[in-house]
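See the structures that follow.
Here subunit A shows up in two complexes: once beside subunit B, once beside subunit C.
After this line comes the complex of A and B, so read on.
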């Protein structure tokens, strides 16, 4: 199967999955207790006021009409209107998406920068102190809840030592980019950005770091025992070349797959980290929307998160087949 | 509090550490008049024709230097849009009240003061007249007119003007508006009946918007922008994340001492406290009891509690056994140690209550004490009620009110410890509980549940009418005597006579015991040592009154 056909097939499947997500998200509103009217009306609102609000929100329409209306609007790029905030949902959601992507990418970069060298070190120094330390780190990283780690880092590194900001996003990465060409001092802006993003990126990325470290270590151990590695050594290649040019490259194929999938998970799974650090992304918007019972915004967030996951999956599958000649597009 | 230049020093350590790791990681004070004040009814006026006010400060027009102090406020939740009429919750009110004002206002203790109206009077039983303040401008520079005030009142109350807004009825009562006339600097409002608390309602509700601005812009725009007459104007709006307002220099009561206010939110109480202790915020709301000592032990902030306008109670449906029995209902009041719960669960940040009306409200009866904790008396009353051996269930929302689940657990446990009653606790999502409470049918409501009620009008009827009269939207009681006493109070024009009627009503309700009376909730704020600021009873935060220490 050609790449084009493979991608087309996956996109069609992806559309089906997104449609499923949209349908489930829409249905959730009706199986969850509590009328959306209660999100708008005060507790002591009269029944007349409640009925008027329901009519204004279109909640008096039959369910299938509301569903078809919602899907139709989505196809036109209209994610609806937040009756709680009185604002356009698409704008709200897309304004928050960059912050979540920024945090997810920062966590991923941090994880890659730490985990791959650590995994290689652990594998090449098997059963030595470095290996034990790396294993202990990865075990700790996988076992530590990110909300606890976040709170502890805030208490020690931000409140006690004053090294970082406790919460918020500051200027964000776009602010750093703007400082490259703008009048703001670049180094100050960069450091300010780092003071905001470092702790949430560590909190979000620690589990991921530990996971990739273990994956890299086991992959390297497998590859180092392969016949082709013995052959390269027999040819007299330096050990550095054997490890990094041959063994590591093959190890990275499954690592890249996990990296890609994990990026999708990070976009959707940053809810707790964003809440702990008041990071103004989709996760915080999800929490706020649940608290406000703002269903249109919650639906918008979940659709975007679901779609992001599907898109990342398609890209990773395509890349995987491209990176590993042993895999055929089927 | 932060000055622009002070921020530079605060994270020096990071800069040094960050520089090393970056490559690797790739007022002046003013003394205007103290504003005017009005009675709870009848007429009132501004104290000195509207110049100055006790929160005001001098302006640079007089050559005085205005400060560049920024005050940071961190709440539990952000706004639900910036339309001052299209919301029904406190966090939004905190934000929009920086920029919007009503015809009348309130001091931090709830006393009514003049705002955009300098005088108000009851012309006749169903007519109130407001005289507008001269020289008030909206943030876009346009002058406030009587037409704007008229439009705002009609927008809130009439569906054909503002749509179905959640504040409908907040000014004169649902469906009661009987015309609004705008004259020369005056607005005359007609309404059905006497409405003895019409000025209390106007003092709490009814922020004024500019008619042309509202009509020229759509809902989305109005919810992301601000054009009020208040002391601060909008500088930045990042929905759900941060709102920055800056001093409005032409404010009628003088420009604010603080240059700007940054309002943000964190649903995590620990994050709010951390922001305070790291000096990133100056005021944080709802410090939970377990975090209080951490703030008090710090050198940078302190705890500032204030009795709020919210009462917490366990309501019992009058038509469901065993709650049909007055003895049984009283027994539960004797069984629950509400003073002990305030001490042990709330760290003392509450005041036990024995009537539906709070101490600072009109109609509070100083002669009514909370029920004492007396389990033996409770068991006797249960026997007398004929419901010995009753099995009851207490429903409580989760996380809606401060320590609600812990309070309900303690109350249920104390009731269950009676030898002749067993009580179980049912924890429910607030949205699910509200669905049952708000159907309008008393038969749908839980038989026994915990609820909280905020009353920003500082008048007994605004608690008793919705919760205890036969036609109340949330009532669990149908009692002819209560209805008659409320009706009498609502038709009494003399404030003192009305006060006595309401006190009698509260004493009657204490004995009738439709609730297990619990406590008045306190608002517990963490406040930076760098500012001087007093909290308000109505949970609104007004940085206009804040001063640098």
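After this line comes the complex of A and C, so read on.
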């Protein structure tokens, strides 16, 4: 099977999963105690508003009609209306999405940039001080609550040393891009952006840095013991080439699989990291929606989060297929 | 299930690994503290003392300078007042904003963390393992349905799904009488202990699919083994074969996953309490949330100390998990969870 057909197949499967996500979110409407209207209407809503909501949700219709209506609305990009905020849900959700993507990407880039060299170092210097330090770091990293790490960094690096901002997003990455062409001084904008994003990215990225360091280390140790590595060495290939071209490439395959699976942890981690740093993204929106009992917005966030998970996993699988020539496309 | 060979491997690995010893000490320590909390805690963790609030831990007594302006005889004068805040040996880890003893709160918080971690994992395994074993053993349609459902489940991050469910269901909690206090052995300690029921159910629901996946994978390979074929040829029932052949042979990776899950659920519980979605106020995550407002004034211990408690417990469980994995089956993929 060609890569193109493999990708097509994964996309079709992905659509199936997204459909499942939508169905689960629809079903969640019924786990609320009482009528689904309770979850949508503000607590002080009048009888007329409540009746209007019941009609809008199609509660006077049979269940399958309600379901089809919900799916149909979503396909048209209509995620409903937040009566609590008086705003269109889709608009609200897509307004907040870029901030979360920015944070998640920053954390991932940071994690990969640190963990893979660290894992390789740890494996090639097995049982030396560098290996012990890396092992200790990764053990601590997978065991530390990210929100607490965030608060402690705010305490030391932001409050006491004044190096970083304690909350907010600043101009964001789009602001940095705008400074490239716009009149704002580029360097100042970049530094300002870094002062906002560095701490949240470290807080969110540490768990993954630690996890990938562990995986890279154990993967490299396995690979370096394999016969083909011995053979390439015997052939007289420089050690750097042996390590990075051959052993590391094979190590990355399981690392990528786990990364895809752990993407949910990354998004979940973003929710709480945003809460610590008042980062204006989807996570903050999720928590606010629950506290305000704003169910349509929560529903919209869940659909977007589930869909993003599926999309990124398709990308990861494609990468995987690209890295591993031996992968069977089925 | 626990064959002499398994015991031998466990012992051998334990002797070889210093980290396994550290893990065991940490886990046993936290376990003892949690069980005997009323005897370990020096004070009642809910008792307020507004005269002794925000006291620093021993060794962190500090001098605070407060500058204020005063109008004396028509002149503005700056007055600097120096106050010394002494740590109180009665409160070795200091006190929180309501004057409650931090050490006692840490001790009782261990109960919440461990109970939610263990009960949540047991619940997740009780649902996930049977479903996974049946799906893998039967394969075919049951298996397809499960795997598709697992895909959908995985698309929702545990934390997001958990806060959504708790937001919809509310924060129900069960008050359990403390056996030591009812027996009159620990006077002055809280008579009941709050078990955050919704949180346990929810963390079980959001994590069962990891157990289902691992159990399914094991069952898929075990069903083709000769001994299973033989049992089937001898007319064994599916139920009998699952219980007496498949489950015992699948148990090792399930136990290893269990330890990883306890660690993940302790972290998840702390996150839920931090966000205010727990049913109890005696939780490390809850204390971090209330200490957060005091870090800008340098009172690091209120949020800081509970974090160290979480970290040490989770490190302990993770080390124990590494030990089990290395001793029982070096081939298992170690990183599932959360």
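Operating definition for what follows: the second predicted complex is superposed on the first by the 279 of 330 C-alpha atoms of A that agree within 3 Å, B and C clash if a C-alpha of one lies under 4 Å from a C-alpha of the other, contacts with A are read in each partner's own complex, and residues count from 1 in each chain.
Throughout what follows, a residue touches a chain if its C-beta (ideal position, glycine included) is under 8 Å from a C-beta of that chain, and two chains touch if they have at least 3 such contacts.
Since the model is a prediction, treat every value here as computed from it, not as a measurement.
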(message) Quick check for you: in the superposed arrangement, does A:275 touch first (subunit B), second (subunit C), both or neither?
(response) both
Q.
Touch test for A:261: subunit B only (first), subunit C only (second), both, or neither?
A. second
After superposition on the shared chain, which partner residues are touched by A:236: those of subunit B (first), subunit C (second), both, or neither?
neither
| query | Is A:287 in contact with subunit B, with subunit C, with both, or with neither (first, second, both, neither)? | reply | both
| message | By the touch definition at the top of the document, which applies to A:148: first (subunit B), second (subunit C), both, or neither? | response | second
Quick one: classify A:92 as touching subunit B (first), subunit C (second), both or neither.
-> first
For this session: Look at A:195 in the shared chain and tell me whether it touches subunit B only, subunit C only, both, or neither; answer first, second, both or neither.
Result: first
Message: In the overlaid three-chain picture, which partner chain does A:129 touch, first (subunit B) or second (subunit C), both, or neither?
response: neither
Subunit A contact set shared between subunit B and subunit C covers 32-33, 151, 154-155, 159, 166, 275-276, 287, 291, 293
Given the complex, residues on subunit A that touch subunit B span 32-35, 38, 40-50, 52-53, 55-56, 81-82, 84-88, 91-92, 95-96, 109-110, 113, 151, 154-155, 158-159, 161-169, 187, 190-192, 194-195, 198, 275-278, 280, 284-285, 287-288, 291-294
Note: in the complex, subunit A contacts subunit C through residues 13, 16-17, 20-21, 23-24, 28, 31-33, 39, 139-140, 142-145, 147-149, 151-152, 154-155, 159-160, 166, 211, 214-215, 218, 254, 258, 261-262, 264-269, 271-272, 275-276, 286-287, 290-291, 293, 298, 301-302, 305-307, 309-310
The residues of subunit B that touch subunit A in their complex are 10-11, 13-15, 17-19, 21-22, 24-26, 77-81, 83, 86, 88, 159, 163-164, 166-169, 174-175, 219-220, 222-224, 238-242, 264-268, 270-271, 274-275, 277-278, 280, 429, 431-432, 434-435, 437-438, 440, 453, 466, 472-474
Subunit A partner, complex, touching residues on subunit C are 19, 148-149, 151-152, 154-160, 163-170, 263, 267, 270-271, 274-275, 277, 285, 288, 291-292, 295-296, 298, 300, 303-304, 306-307, 310-311, 314-315, 318-319, 333-338
